[in-house]
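Beneath this line is the structure, given in structure tokens, with notes to follow.
A, B, C, D, E and F label the chains in the order they appear, each numbered from 1.
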Amino acid sequence: MTALVTIGEAMAVVAAERPGPLTSGAALHLAFAGAEATVAIGVSRLGHTASWTGRVGADSAGTMILQGLRGEAVDVTRARVDASAPTGLMLRECRTQDHTRVTYYRHGLAGSRLTPDDIDPELIAHARILHITGITPALGAGPRAAIRHAVELAGQAGVTVSLDLNYRAKLWSRQDAAAELSDLVTRADIVFASPDEATLIVPEADPATMARALLELGPREAVLKLGAHGAHAVTDEGEAVQNIVPITLVNPIGAGDAFVAGYLTGHLDGAALSTRLHLAATCGAFAVAAHGDWEGLPRRAELDLLLGQDVAR
Amino acid sequence: MTALVTIGEAMAVVAAERPGPLTSGAALHLAFAGAEATVAIGVSRLGHTASWTGRVGADSAGTMILQGLRGEAVDVTRARVDASAPTGLMLRECRTQDHTRVTYYRHGLAGSRLTPDDIDPELIAHARILHITGITPALGAGPRAAIRHAVELAGQAGVTVSLDLNYRAKLWSRQDAAAELSDLVTRADIVFASPDEATLIVPEADPATMARALLELGPREAVLKLGAHGAHAVTDEGEAVQNIVPITLVNPIGAGDAFVAGYLTGHLDGAALSTRLHLAATCGAFAVAAHGDWEGLPRRAELDLLLGQDVAR
Amino acid sequence: MTALVTIGEAMAVVAAERPGPLTSGAALHLAFAGAEATVAIGVSRLGHTASWTGRVGADSAGTMILQGLRGEAVDVTRARVDASAPTGLMLRECRTQDHTRVTYYRHGLAGSRLTPDDIDPELIAHARILHITGITPALGAGPRAAIRHAVELAGQAGVTVSLDLNYRAKLWSRQDAAAELSDLVTRADIVFASPDEATLIVPEADPATMARALLELGPREAVLKLGAHGAHAVTDEGEAVQNIVPITLVNPIGAGDAFVAGYLTGHLDGAALSTRLHLAATCGAFAVAAHGDWEGLPRRAELDLLLGQDVAR
Amino acid sequence: MTALVTIGEAMAVVAAERPGPLTSGAALHLAFAGAEATVAIGVSRLGHTASWTGRVGADSAGTMILQGLRGEAVDVTRARVDASAPTGLMLRECRTQDHTRVTYYRHGLAGSRLTPDDIDPELIAHARILHITGITPALGAGPRAAIRHAVELAGQAGVTVSLDLNYRAKLWSRQDAAAELSDLVTRADIVFASPDEATLIVPEADPATMARALLELGPREAVLKLGAHGAHAVTDEGEAVQNIVPITLVNPIGAGDAFVAGYLTGHLDGAALSTRLHLAATCGAFAVAAHGDWEGLPRRAELDLLLGQDVAR
Amino acid sequence: MTALVTIGEAMAVVAAERPGPLTSGAALHLAFAGAEATVAIGVSRLGHTASWTGRVGADSAGTMILQGLRGEAVDVTRARVDASAPTGLMLRECRTQDHTRVTYYRHGLAGSRLTPDDIDPELIAHARILHITGITPALGAGPRAAIRHAVELAGQAGVTVSLDLNYRAKLWSRQDAAAELSDLVTRADIVFASPDEATLIVPEADPATMARALLELGPREAVLKLGAHGAHAVTDEGEAVQNIVPITLVNPIGAGDAFVAGYLTGHLDGAALSTRLHLAATCGAFAVAAHGDWEGLPRRAELDLLLGQDVAR
Amino acid sequence: MTALVTIGEAMAVVAAERPGPLTSGAALHLAFAGAEATVAIGVSRLGHTASWTGRVGADSAGTMILQGLRGEAVDVTRARVDASAPTGLMLRECRTQDHTRVTYYRHGLAGSRLTPDDIDPELIAHARILHITGITPALGAGPRAAIRHAVELAGQAGVTVSLDLNYRAKLWSRQDAAAELSDLVTRADIVFASPDEATLIVPEADPATMARALLELGPREAVLKLGAHGAHAVTDEGEAVQNIVPITLVNPIGAGDAFVAGYLTGHLDGAALSTRLHLAATCGAFAVAAHGDWEGLPRRAELDLLLGQDVAR
């Protein structure tokens, strides 16, 4: 039995070392990223089993991604190496210390070739949580069908479905996203959204109101991620707000996925809402205190490092 | 009037700093490459005017490429920024010190969106040499038509056409390449080929025989590039062989294009065959003595550095 | 016709990678700098033509500087390679994160060998703006005569003269600077100064008062650069204040020249004072958000990145 | 005659370049550290003679440490190369930008093999200050005896004894430390302590009260180091508080030792208490403005850089 | 069932980036190493299951090692995290390009705390090969007993025992090694040795003679590793010699372990002696063509890169 | 008493990290160099006392040089910090792996401001060897007078004078050099020269003949340095030839000075000619096996590393 099962795209990241426009000769480093992979790594580092399903190319980047996930003890036995297209890649420029610019090489590449056949029914049926995001259905018909299939299987098996809306404007229109994601929300048990993402599904309002509106569509828990303002959760246990855990910022990318990893780990721990939110905020703080999307995520024994720092900055 | 006009694709290069498999966290650096761009830079560094026509995306990589070419005093006023697709990119792994592995992101990207409309008839009509390679027609129907159009214009204006066969097995089959390149050879004045590439057009034989066979198809000069064995040229001035110029090898990539740049510069200098070949070999030596495809190319005043080294290694 | 013509010194920069005293083995990187070159690059990146006149040595640093300017589409056809002395160089130590220390190698070197003969009357006569700084006349008799000659030519042709006082205490005394710069101010249309520099020319007072006093000497516009406090401009269009555009600081060097580039670009755009000042502040923000003096300067399409951030920090 | 004599352990430091968990392939750099060595370097850079006594191994790390100290003009003629054990080493991970984690390799290694035989009575007898810390007696019986012996010799010769409590929880219990350090306090003339360290010796109270309580045990001067809150000193000259000197923080490690170096230099200068404290705070600011424990320490001529910055942040 | 089971020590490696003596500020990088771990990685990369048993500390280095092995798909479920001592570490200086110098921090540390309790009888009983080296018994009584126990279990289960003598002069005397290793040789099925190591067990002679002498003690296969001269194997299938596979050398460390990995993979493939030896030599070539002990080891699909290069250099 | 006293210029070195033309953004590192300083360091590392006299500027480079020499235990108490000019600097480009290009910033700078007043008569009178090179008298009238004065003092005291001709074509003509160096040769006891340098003084011939001709002018020992061909010495003890000690070349700069350091150390050891030459060749090998001019020089205990390698490559 794997505690958390997630499905999505993982890509190579080629990221600039220094702020400023990219120039010939600029120093870069290689990494990998994927919202779902980050959640899987976060949950695994905190001690629960996690599995990632997706496709990578039969190339160096694909090998690197599987090696990285495996190193983090994420089960990749359901990941597929697809020799028909390269692994996706993003070139990340740090235009200023505060502004990242990305060129994506993902269209038609391995990660978007996911199909329902890639989904392992047994894996899902025995999971405690299936976590998906709004990125995967935006990648094409195959990934969309795969996600629907996975959610269907989870529903049949009574597995908790966690959905992070994660709207990506470069991949699809707000209209298309609203249609697909609205349907997924009705099938989800836990929904994560930024205020802007929430307005794809419910009328614009303050976070608490939007969270309550999301709950009316089916989910048991709606967590609004408010960036520097923390988070606001509405659940059948009640409501709670969470400030960010203060830390010196190195790189803001990945904070939202780290938050989700912490929150879902709290679920797997059987923790109460306030504890789940605090673990979520702590994971977010660790994530932004290091370079990379997931590299800074905490292991269980490291959580103490940030103890007693849960105050508004 | 621009002495050398060339047309082709230029891509971002993301290259590993150290030999070994790519891993998460690996150090990389950014550069750009393109066989035709390398020739233009080589000719420009040696003091003749050169122009490059091609498409890049409206992104950081495209900006970097145009900035780099402009810095080398290559005219890019006919290059087009195409906002409909990203600039192509290649991820270069140095698997061992002796074996490079590349993943290409070029299919459907900006460089392959070239069309005959991108060709400036005035520019070609007033050039002394039009240089093309067998890579561009392999990129798609648009680039193929663009090259045919440019060669047509050069023919009408009596401009010397230089063709480097540059067969790329990842882009098209030997059959397709043979058909298209055979036609281009008949329209070219100068042809460069490796022995393997020559067999696309003429029966396999020793370099001298193949060079002579190429000449019978129309060109005035056929230069067989023999790698570590130098070069063998057959022209209407006669035949000549050229050893490589010995130097400590840093990176073999780009040697062939550097060779072409030197040879064509010799033409623009009005130099005799043996001088052209020696300049070609010298440029090849400079290219492999530095990292990058074109970064090591010599300026005129630097040629003396390697003087007196024209001996077989 | 070139929109902006500027004349000055450009030097190689050898800059420490890390804060702390320089030690044997310390990592450095190479760059180039020059107040006037930065302005030319800034104007060029924002879409107007710009030309730089000056001397570099016949060495690697000189080649690097011309290549860099050319890459930025700055016209360097009037720059001269002077084989009689090396290109100037500065060694920049980052003694603490907040304190830079520089050793200059510029005395008698190529940049200071500028003479009136280097000035192209045609270039100036057809420019819209001639931009000069108080650094060049401090470099010696030749540069001083060259600047006077250029200003004379601009005056005859009715070309707008922009002067950034840029007092450098290591190059000349306040008395010498006051004498020369006072004369230049009377011939300038636009004057930029820090409060301290302004006191070379007018009595010490608050920025607005000093700006008004400068205007009485001849210029139509006086812009006091107030560092972290923004800027205060007094022009025949009226007065305006400008806050800085907030951004995470990477390296403060070059902010003042970036400001000038933005302001003069606004002029070339035909923009109103408040727009010129805002563009100036935005360029300053981009400059300090990256390493290097000019590397972070924005292109036109990038200005949006900082939109809506024009508030006092 | 050497102005300052100090005795202790110096270790190699292997420190991560970037924040985040250590991974295979991570970039590190080599340095060395030791509380007493930092004090010796600080005093030497400010112009007084300083000597360091301790043991290093007959290995590359030992050579590096002696070379480094010698380069700083610290007398190492009494340091001993002990071939029976390697030089100690610490592996320093920057877990987040704000949290350092260290693995020590010091148990039984060269630095802990110090014995009373290593102490040069002549050197101490002619010194003006003997500086010791609470780290050395925690390293084992030999170092403890060596420190007692040195303090005895200093007492006999009327040499000022400076003691920085420097409690290290990884090396000994609070009980053991309290017993040994209480005895050393009674023999010291100057005592430095953090509030937490002070409670090993005197009852917990506000800094001023604890400093006064320390004075009653024998010392003439007690300086409480309060981190970001500056320092509070109680001496027979009176009491004084000192704010930190504001500076952009690069690395907080070594601030306390730098403070001591500045304070003791003030003593050697014959300066008054407020001047000693200000010099101490200035040294602390320099130390944290660069990477490394001691690398950023100021030379006398550099002190001006931070002049006029003695305000609370 | 795991194809290859191995037991040993793995340590953090801190290695210099550049040749020359280590100095303060020198660039290093982190890696890990261990003869048995390298064999496990090599076998795993070539497609067979492999498991590593050993102890690491509860520290960053231990986490890094387990993460690295897991990333390579080596089973580490039997590895133990021992909080009572740090993970071993070696500081590797590249004194010249050709001479490495190492300081070891391993005495009493986690890797040497292995005991027979760490050995999983089930794992060994179901393995096809148990691979051990002469390093582990040299680490202390516990590791020695653990190895004896593992060999005993393998013998009972009829599992092939592979032994690489790997004599380490810094760990024990030739006498002690000879006594222990002679006993292990009698229990082994496959023995690897350098000529010097072989003389611990059998009289000094030419490689073939020594290999035959080793066979008389019990093993079915004796492989003499001859460095740049290749290898000489004597088995019950007959004898064979193998030249090295030529490649540009980057770092010779790890070649011997890579050779063993290739040879044992050949066994698991069911390959003939000449194929096993060729695979061994190919693995050795890959290992020395990259930095690190194991980082360059080939995956199955990469073996073709070196095809046709099996000639004496 | 200091065993070896030397006088000369030391400069900052800013050296490229990678082969190829210098570009904006290129990685560099800082070091220092000076033929005489290299000899002093070499002798000091091998265990004899050495002192260096010269001038550096009151800047970061000057501090770095003195710190570096002091770290190597070279006595710099006679070195002078001259605030009237910056420390000299050279910018070193690695144009190809085999060709270095240098731009010097040394004219009129601190190192060339040496005067006879800088020479300490006591120091020289008690030395065993005074070592000078042909570089210092080429720097100007002051340094030339200083060298003459030092040689005069050595002659009076019966101190051995060692002279390395070290002709630098960028500093003076062959005629000027011949005149000055011929005079110094007559006053020297030991002369080092390349064949080309020897022809400044004696007629061109084979090395042995030229060495003998040099001996006729006064010296007791003439050592011809033949680069890759080793060395040929003619002394009153007889003649000897020495091959180079083979090693993988990293950087050839500094080999000649390292050779001199080894040879003179042999003298201070009281060793025979063949031993002196072998030590010289060993030092040369160490020097070229690391980056930098002197960084790779061996310590006494390291000499064994290259033992048994004294064969022609």
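Convention: contacts are C-beta pairs under 8 Å (C-beta built on N, C-alpha and C of every residue); 3 or more make two chains touch, one makes a residue touch a chain.
Just so you know, these numbers come straight off a predicted model, no measurement behind them.
Asks: Counting one step per pair of touching chains, how few steps separate chain A from chain E?
Replies: Each step joins two touching chains, and the minimum needed here is 1.
Asks: Any chance you could check whether A-F or D-E wins on number of contacting C-beta pairs?
Replies: Most C-beta pairs in contact, of the two: D-E.
Asks: With a Cα-based fit, what is the angle in degrees between chain C and its identical partner chain E, given to the nearest 5?
Replies: The best-fit rotation has an angle of 180 degrees.
Asks: Same interface as A-E shows up in which of B-D, C-F or D-F, over half of contact pairs matched?
Replies: D-F
Asks: Could you state the distance in Å from the CA-based centre of chain A to that of chain D?
Replies: Roughly 46 Å, centre to centre.
Asks: So the centre of each chain is just the mean of its C-alpha atoms; given that, what is the distance between chain B and chain C in Å?
Replies: It comes to 40 Å between the two C-alpha centres.
Asks: Between chain A and chain B, what is the separation of their C-alpha centroids in Å?
Replies: 44
Asks: Where in chain D do residues touch two or more other chains at once?
Replies: Touching at least two other chains: 21, 23-26, 63, 67-68.
Asks: Once you draw an edge for every pair of touching chains, what topology comes out, line, ring, star, complete or other?
Replies: Here the contact pattern is complete, since every chain touches every other one.
Asks: Taking the complex as given, what residues does chain F use to touch chain A?
Replies: Going through chain F, the ones touching chain A are 23-26.
Asks: Hey, which residues of chain D end up touching chain A in the complex?
Replies: For chain D paired with chain A, touching residues are 18-21, 23, 95-99.
Asks: Which residues, counting only chain A, touch chain E once they are in their complex?
Replies: On the chain A side, the touching residues are 63, 67-68, 70-73, 299, 301.
Asks: Considering the complex alone, what residue numbers of chain D touch chain C?
Replies: Residues 247-250, 285-286, 289-292, 295-296, 302, 305-306 of chain D touch chain C in their complex.
Asks: Note which residues of chain F are touching chain C in the complex, please.
Replies: 12, 14, 21-32, 57, 59-61, 63-64, 67-68, 86-87, 89, 91, 93, 101, 103-105, 108
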